[in-house]
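Next come the structures, one after another.
Shared between the two complexes below is chain A, which pairs with chain B and chain C, respectively.
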Partner chain A sequence: MANVQFNSIFKRYGQVEVLSDVGIDIKDGEFVVLVGPSGCGKSTLLRMLAGLETVTAGTIAIGQRDVTHLPPRERDVAMVFQNYALYPHMTVADNIAFPLRMMGFAKSHIRDQVTRAAEMLGLMPYLARFPRELSGGQRQRVAMGRAVVREPDVFLFDEPLSNLDASLRVKMRGEIKQMHQRLGTTMIYVTHDQVEAMTLGDRIVVLRSGRVEQIGTPLELYNKPVNSFVAQFIGSPAMNIFEARPAADRGLAIEDMLLTDLFPLPHPLPENPLLVGIRPHDIELTPAKTSDALSGVVVLVEEMGNMSLLTVQSGSSYVQVEAPSPSSLATGAPVFMRPMKEKLHFFTE
Partner chain B sequence: MPSSRRPSRFSRVVLDGPLFPFLMILPALIVLGLVIGLPILEALRLSFDTIALRRPAMAGTYGFHNYLKLFTDPRTYSALWLSCLYMAGTVVGSIILALTAALLTRRVVRFSGLTRLIFLLPWTVPAVVTALVWGVMYDGNFGVINRLIDFIPFIGGHNWLVERQTALASLIVAQVWNEFPMAYVFFLAGLKAIPDELYEAAAIDRANALQQFLFITLPQLRYIMAVIVILVMIMGFKSFPIIYILTGGGPAGATETLTILTYNTAFRSLDFSYAATLGILAVLASILLVLGYLKLLPRSGNEGTT
Partner chain C sequence: MTAPSPGMSASPLALALRMSGIVVLGLMVLFPIYWMIVVALTPTGFGRQITTFLPQTITLDNFVSLFTARPMARWIGNSIIVATLSSALSLVFGVSCGYALSRLRFRGASLLLIAVLATQMMPATSIIVPLYMLFRSWGLLDTMQGMVAGHISLVVPLAIWMSKGFFDSIPRDLEHAARIDGCTHAGAFFFIALPLAAPGLAAIFIYGFVTSWHDFLFSHTLVTSQELWTAANGIASFRGEYFTLQEMQMAAALVFALPVVIVFFIMQRWIVSGALAGAVR
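Let's turn to the complex of A and B:
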């Protein structure tokens, strides 16, 4: 059990800066998800914490102990890899027992611990099998068992579910969450999937191009994104973003439309460029043109079952709108969209 | 199957028949039969004959006398034992040298071609040249090895190839130097096939460098290791030029392996029929080795990566 601190971490490969001034403070027992598009540096950050990558500048501390230059074996972290990284020549039992053997525990203690972990993960029938004889989900469980068994200070997960099919991913996601609730150990989880991030994390760190964009609870990120990148990255379907400029008559000019009667708007309005965001389910469709509605034409109707997702072309931009299912509108139908005033987001970048 | 033409009798019997695969490998079998099968059969016939140029009148006397001699002559057992020692020595030496070289060069990025070339060079040297060069180095009076040993206190020089205690070991060293690059290439390929992730996982699981070698590297190399052992054994068993040129089986039979004994019997004692009998023994021993190799091959294909 330990807290984890990244203090202004930099990572460079030659001239390429992969991470730039990353500072994250993770509390003891917290489940923190590092999320971002591929190439944002999230995996590198995790591997630096594990000791598999060197740190160019900055420090990493686990439980107040500076581990920046310690080898992996002295950091007391356990890691679950994307490709599981099971030892192919060892049985499931030997895989799970491996870290305990390396730590020099007695045979009987190791056997008890392996049995406990195997029972928790439902692996008892497979202990004598080899990894190649297991399905993807079972291999994932073995990798988790190998991590759990040694009771580390910190658990690290590097996109552990990305090789599983969709339904299994949801199931394993739940199991990881339950595991965290049961063990209460600090967990750091890397993913590019914002749904995984939202559902798993106590807090989420959004990274882009090696920089931290925002750190917060899932709902903070969802309700108060600090910029348009976070706004579009968190939440599905993604938030609509428009370029806008303040206009007379208490209004905003978006595209070629002039929205009026929008005030009270937050003051002061950000300077140019002004970006306005609205989530697809915060838009109402109205039958007639009003002063605070954008007009457009439906170009795509996607039925989701619980709702239908309309893509509407308005001027040069495309707007996604959630509407009740089944949709009464067909492709080509003209519509008017009225954003809910209190749900508008304003960004400068 | 809808077909406009009924299949001809030829295609029914020959193309679709169970013998078709054998038909396809028949040309190769014929060639092999001519160049390998016939000589072996001729050697088998010869081994029952009596073609000894020192007793030419005995030619045409068939019998089991050569095989009787094979089983009763202590030189046979001595030669088999020396062949085994020679094989064991080359296997141990080659594997230690090759694995060390492969471990040293596996992570080399810059000049990787050059480092590999250095370890591969001995392989490109013909065995005859290897033997001649090592012969000069081993020389008791002028050899560089004794000259180097002079620098080490309390250890005296030897007449390496002439003294009974050192002759076989000296030959093994030359053989290992010449043949270990083959094992090196195998090991290097085997090491490169081990995923880095396994070492990363092991490092996080608190394994130190030695434990990573023992629990990851060695088990991952076990199939390649088995194949190398058998191949190096076969090469050691067949080895002729290095032993023949450096000692010719001497001193006093101390390095007379089965191949050398066979040669000496034929071309020094001029007893061709008994040499053929020894050759049959060598073939049987080789078959055992090859069977071991074949038994290993299909399993090595099963090695899973995850």
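Let's turn to the complex of A and C:
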């Protein structure tokens, strides 16, 4: 059990800066999710914490120890790899026992611990099998078993579910969450799936091109994103972002829509660009054009079952709107959309 | 008209042609070996008088005199020592270099690899002269160590390339996982990378053993004393200036082939495919 601190971490590969000035403070027992688009440096950060990559500048601490320059085995972390990285020449039991063997525990103790982990993960029938004789989901469990058995200070997960099919992914997600609740160990979890991030994380760290964009609880990120990147990254379907022109009466103009009496508008209004965001379900369809509504033409109807998602072209913008399902609107139909004023988000970047 | 379904032969004629092709090929490969056996079983001096495909009189005298009149056992023993030592040492060099080249990123790595390969492109006949001069000044001529060293120089370049290839095929994350699980760098190598490379190592060992076993040029040049001859030298000695003891030479050749076959059968159970299955994904 330990807290984890990244202090102003930099990582360079030659001239390429992959991480810059990353600072994250993770509390003991917290479940933190690192999320961001492909190539933003999530795995690199996790591997630096595990000791598999060197740190160009900055320090990493686990508990009260500065581990920046310690080899992996002295950091007391366990990691589940995206590709599982099971030892193919060992049985399931030997795979799970491996970390304990390396720590020099007695045979009987190892057997007990392996049994305990295998029972918890439902792996008892497979202990004598080799990894090649298991399904993807079972391999995933073995990889988790190998991590749990050690009772480490920190668990690291690098996209552990991305190779599983959708239903299994949801199931394993739940199991990981329960595992965290039962063990109470600090966990750091990398994903680029924002649904996984929202459902698993106590807090979420959004990374973009090697920089931390925002750190917060799932609802903080959802309700108060600091910029349009986070706003579009968190939440599905993604938030609509418009470039707005300032207008009279504390107002803004977007395409053919004029919004007035806006509170709280940043004051004085920032120079361009001023970005306005609204989530698809915070837009109402109105039967007729009003000044505070956008007009447009439906270009795509996607039936989701619980709602239908319309993509509407309005001027040069494309807007996504949620409408009741089944939709009475077909492609080509004209629509008028009125955003709920109190649900607007304002960004300068 | 019906098209022939895949997997079924089109016509009996095609089948017959194909079968006879296989038989002819098989005969071409096997007949020399058969003829070796026939000649080896013929009394010394009568090999040229065989008129049928079957031996007229069968005798094991050639084999007996190989081991009584000639030091065949000694030669085979020398060959076993030289081949085992040189292929084992080549394996150690090859594995350590190959692993380093596969896992470490350093300046000039690819240049080094090409240089290693370039040595393999030199014909052995051109390497033997400088090697001879070196060994003379180091006092390695006419010694077992010298022969082992010479054979290592023959085998190591390809051993490095082969083992680099095998290590390249082992996902690095396996060693990363091992290091997180409590291994040192060396531990990850010995517990994970080495066992997984075992099939490849067996192949390298066989290659080294066979290369050393079959070498004539190096052992002929670097060693003169008869008691240090390898079996390849021994076999050549049956061929005189004017006169060749064909029957004994064939008997010696059969004895010569046996250890290689044995080594191959021992090592081949390591050469199994799919050792890495299930590791990742």
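The rule is simple: the second predicted complex is superposed on the first by the 332 of 349 C-alpha atoms of A that agree within 3 Å, B and C clash if a C-alpha of one lies under 4 Å from a C-alpha of the other, contacts with A are read in each partner's own complex, and residues count from 1 in each chain.
Everything that follows uses one rule, which is that a contact is a pair of C-beta atoms (placed from the backbone, for glycine too) under 8 Å apart; a residue touches a chain by one contact, two chains touch by 3 or more.
Just so you know, these numbers come straight off a predicted model, no measurement behind them.
Novice: Give one word, clash or fit, describing how chain B and chain C relate on chain A after superposing.
Specialist: clash
Novice: Once the structures are superposed on A, label A:163 by its partner contacts, choosing first (chain B), second (chain C), both or neither.
Specialist: A:163 contacts chain C only, not chain B.
Novice: On the A-aligned overlay, A:287 touches which partner chain: chain B = first, chain C = second, or both, or neither?
Specialist: In the superposition, A:287 contacts neither chain B nor chain C.
Novice: Please indicate which partner A:305 is in contact with in the superposed arrangement: first for chain B, second for chain C, both, or neither.
Specialist: A:305: touches no partner chain.
Novice: With both complexes superposed on chain A, which partner does A:14 reach: first (chain B), second (chain C), both or neither?
Specialist: After superposing on A, A:14 lies clear of both chain B and chain C.
Novice: Between chain B (first) and chain C (second), which, if any, makes contact with A:332: first, second, both or neither?
Specialist: Neither partner.
Novice: Contact-wise, after the overlay, does A:131 reach chain B, chain C, both or neither (first, second, both, neither)?
Specialist: both
Novice: Overlap of the chain B and chain C footprints on chain A, residue-wise?
Specialist: Of chain A, residues 50-52, 71-73, 75, 77-79, 81, 83-89, 98-99, 102-103, 130-132, 139, 146, 150 contact chain B in one complex and chain C in the other.
Novice: Per the contact definition, I'd like the list of chain C residues that touch chain A in the complex.
Specialist: These residues of chain C touch chain A: 171, 173-174, 176-184, 187, 191-192, 195-196, 274-281.
Novice: Would you mind writing out the residues of chain A in touch with chain B in their complex?
Specialist: My answer: residues 50-52, 71-73, 75, 77-79, 81, 83-90, 98-99, 102-103, 130-132, 139, 146, 150.
Novice: Under the definition above, what is the set of chain B residues touching chain A in their complex?
Specialist: The touching residues are 195, 197-198, 200-208, 211, 215-216, 219-220, 222, 303-306.
Novice: Could you pull out which chain A residues touch chain C in their complex?
Specialist: Listed in rising order, the residues are 47, 50-52, 71-73, 75, 77-79, 81, 83-89, 98-99, 102-103, 130-134, 136, 139, 146, 150, 163.
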